[in-house]
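You will see subunit A twice below: alongside subunit B first, and alongside subunit C after that.
Entry: the complex of A and B
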């Protein structure tokens, strides 16, 4: 009798304990690593970005966001039988390093797609390497128009590489968008234009200048800076003496911050305006309190405004990443997810397995990828450009970037 | 410290039997009601587990909030309005198509353009509402008020629209593209071409 009682109570306790254990484990795999995926075959998504140096705040946000996409796909078993893994290489913002990284990704047969890079100049150096290997590349941040539409994009758009896609919109829209805001909304009529002579910076400054002049604005001075220095005092003096009521800078925040600060210190209390390359909190730190009123345009609508972005922001936080997702986080997640969707299509069309020519097939599938991403509808036009073309103007207020106006290109 | 350890039992010694300690009242009561106690424990565990399961049962997801109006609306340039190609008496009319892709109905509360020297009217006049998954054509008319201030040749001109739905009210710019820019420039050229600016 006593034994029977013991057996009964042991069984009841065990059942209770098991029940509680089962309940407790329901959500315990939130921090799953990429190994908890859909099964046997591992597909590597390469990430190329500046992971060290001045631009690493943006680069690490790209890497982490792509990593989150891979983990999410593994957790949700988005592609049955496939486990996604992210391998990231540091291009240091240098085209030559980016090209070496492209060769490394090509040499790794498990890599079926690459997210990146950040810089348009780096992107240029990688395109041919990837295209020769039919390895698809989706940049979340390249905005130089020529990457997709060719060097004569103003007159005749010609697609350059079938393996190149991007989720960010281009400077063909960003520059004019900034010019329209500066001229019409901010009512600035005399601009001093500065760039860093790089593909991105010079290109953006050119598209801004063209539109600003068309609107009736006056360019009262132009200068190029050396991005390897931080002493811009002579340029700042020229700005002060030019009578400009606004400065437009084509370049990135490591130079834009000190430039803004030194222009104000020289006595020109006028706003500095830049593109997505300066829209990082580091700009505000470098520029100091005088940066209040400076403006930056950036690709996309404010992430917080997109219903799809709410989950991304929460998942990123839960993912425990040390660095902020920064300006391109949503676009990087969507770039990685575009690769995942293309892999899913290829696997689905091949009886649930990767075909021998998986890279070529994934590149082909990318053209028709379409899904609701973090940044809105993600799909690509005939040039490989994002069909979703939104931009936002941000203003520095109280030590942070606040969105002031958004626009959508629907041409 | 004496250096002498505890006395161990030897050949002719033995450990004294210690009498069993008398069982406490609680133990005695437990002996008497063992089955009841065990059964009650089991019931408690099962109840606790059930309660936990009930408390942590999957709740129906609350409906997601509607999208921001700017994320639910498309506004595209169609063409110059019939019979108004070019500028007529300093006015230029064109058609845009406003579509609401998702979410609740969207009301256009204001439609403006950002350029000095131009004014804008629309038909229908704001405010007007468009239901979800439907589209409506709007005729927009720009009038040149001052050629000196009107844009010369805008590359990517905006149309600024204030949108409202159940989620928010937002001012949003629509950049209608190269075709609109060309048509607008042509109309401005006709309207202000002889102007001396």
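Entry: the complex of A and C
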């Protein structure tokens, strides 16, 4: 009998351990030395992104780019008397960790704005914490429409939180944009839709499916994968037997890479199409040579080709960052810069000093921020969404993402 | 086209991997009644051992034909060292302690090993690509088998047969059986039980190392947390097959793997269940199967010996 109860306890512990993996906090204070510029008051720009784990390639790009914005502002003395400093926390892509980080930022009185997070699901868990504290949050990468426009965004748009802004385009535009490209330009008519059940992935897959059907395409199968595993062989076999000529995946590259590889191995030589979550070189590394021809949409025009981005790319190189700026570098720089602009406005209105209710004032000022950033004109609409709604389709050729077509979805 | 043969092969492959890892759980449990939760991490360190041999010891461009045996040796050395070290320094001091103490130690060790690899192995903060065997897939009728899977298909039954021979025929193996039946009496009969326990840990680690290499070859990438979920699944497989029974571990693994795959493939086709058929539900169905098996056979599929002793 003792044996039996031991197994019961063990099982309970195992279940507990499963849940707990989501909580392990591995704070990375990452306090960067942002140079000595303005002197006087120090304003901290918080960065929340996955700095370790699967999504760290994107997260570190966000952190470095925000850091570059702070350093640039210090060097150019953009705001007199204010030194900007970046403090980064690691959310590991987990909503629960993100919420803890949000509380830490709120508790730090020097934090006047936060750049991040990467994941829409993490964004959901942070919004309320920031809004209660009137602390402004600018995400360079959240694309879930409900974050700004409410859960019923298809019918009735309602601004959710006054303190939440983003420089990235929403999935309400990204999914349909991908559907139009796949149907009209790539001439694929039968799609197999897969998602990872997360806020971002499921939302993207839903908006894609809706538009694809509207265009006359056929959905020959749907599947939801378990992001904890790497074995998608049974899903791949289903895809092969479905007769689909294209796969759409709503999710991120740690799963998309192996998924693409295993689908091709199963014998279905069809392209996998995804959103900005798969547009990272790691995807190609994980998927191997079979990924040639796979497509990804991403927010904005390709950073490398914008004239406004030349300086950013050069400065980033000169900054000596170890990691690439990745998919959201330009947006992260612009997000941080928007905070800097808002702080500048607030300080300017208050005789060159920070007011006592600086957080609320910065949040207010953010609504009217407008400047020419890395990714083009940066400003926000009445929901906190970026007014810049450009998107680009990229295709994998010779082991790299090459841009194929830029444009915007007009309904 | 009939999808069943391919799905069965998919499940068999996944299950063989569970089985290889499950053997470590079941052997250690059979002898010291300890559920070694760090075993998933021993599997993970094995995979990293193999990667180390390939990336940092062998010259660039070594053919996989030559590299693979050396990688296996590297994997076995690393994981055995970790497992034997864990036994010596984490579990042996707690030999006489209440059951929960070593169990908690095992969970702590599991986290410590994960974090150690995360912190100190170069570039291990996200997934690292694992070398692949060249050559196209093989087709047998409707079934496609990848080159990387061939290793698993051969390694799992071969190592199973070797283990069976070892436990049944060799002196040490019989010593293991004796210790499993009654450690005190075995000691009185002149069996060096301390040594036997070390051997059990080491053997489990060897199987985990083979599993780790197979994982890398099959999925093309390894990461610091790959052992956690797989370890839990393997533990489940060991319970399903009857914990303490080495053949049960392999059979439990295969049953679990096939159940997961078939649930993904076919549950959605049952009218009314289309919402519960996707891969994200496969674990649910696999655990329902586990509960059903344990309801009717609490000792697991092949687990008679445990019931005798309890």
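In this text, the second predicted complex is superposed on the first by the 374 of 411 C-alpha atoms of A that agree within 3 Å, B and C clash if a C-alpha of one lies under 4 Å from a C-alpha of the other, contacts with A are read in each partner's own complex, and residues count from 1 in each chain.
Just so it is clear, contacts are C-beta pairs under 8 Å (C-beta built on N, C-alpha and C of every residue); 3 or more make two chains touch, one makes a residue touch a chain.
Remember, predicted model here, so these are calculated numbers, not experimental data.
When the two structures are aligned on the shared chain, A:197 is found in touch with subunit C, with no touch to subunit B.
After overlaying the two complexes on the shared chain, residue contacts for A:184 are found with subunit B alone; subunit C is out of touch.
By the document's definition of touching, of the two partners only subunit B reaches A:409; subunit C does not. In the superposition on chain A, A:229 contacts subunit C only, with no contact to subunit B. Which of subunit B and subunit C touches more residues of subunit A: that partner is C. Once the two complexes are overlaid on the shared chain, A:307 sits against subunit B while remaining clear of subunit C.
Of the two partner chains placed by the overlay, only subunit C lies in contact with A:265; subunit B stays clear of it.
When the shared chain is aligned, subunit B comes close enough to touch A:214, but subunit C does not. Judged by the document's definition of touching, subunit A residues 1-2, 6, 9, 13 lie at the interface with subunit B and also at the interface with subunit C. Against subunit A, in their complex, subunit C makes its touches with residues 1, 3, 6-7, 10-11, 13-14, 33, 35, 37, 99-100, 103, 107, 111, 118, 125-127, 129, 132, 137, 144, 146, 218-221, 223, 225-226, 228-229, 232, 235, 239, 243, 260-262, 264-265, 278-283, 298, 306, 309-310.
Against subunit B, the residues of subunit A that register as touching in their complex are 1-2, 5-6, 8-9, 12-13, 15-16, 19-20, 23, 26, 173, 176-177, 180, 184-185, 210-211, 214-216, 301, 305-307, 376, 389, 405-411.
Partner subunit C is touched in their complex by these residues of subunit A: 1-4, 6-7, 9-10, 13-14, 17-18, 21, 24, 52-57, 196-197, 222-226, 228-235, 237-238, 241, 254, 257-258, 261, 265-267, 282, 285-286, 288. For subunit B in complex with subunit A, the residues that touch the partner chain are 34-35, 38-39, 41-42, 45-46, 48-49, 52-53, 56, 64-65, 67-68, 70-71, 74-77, 114-116, 151-158, 170-180.
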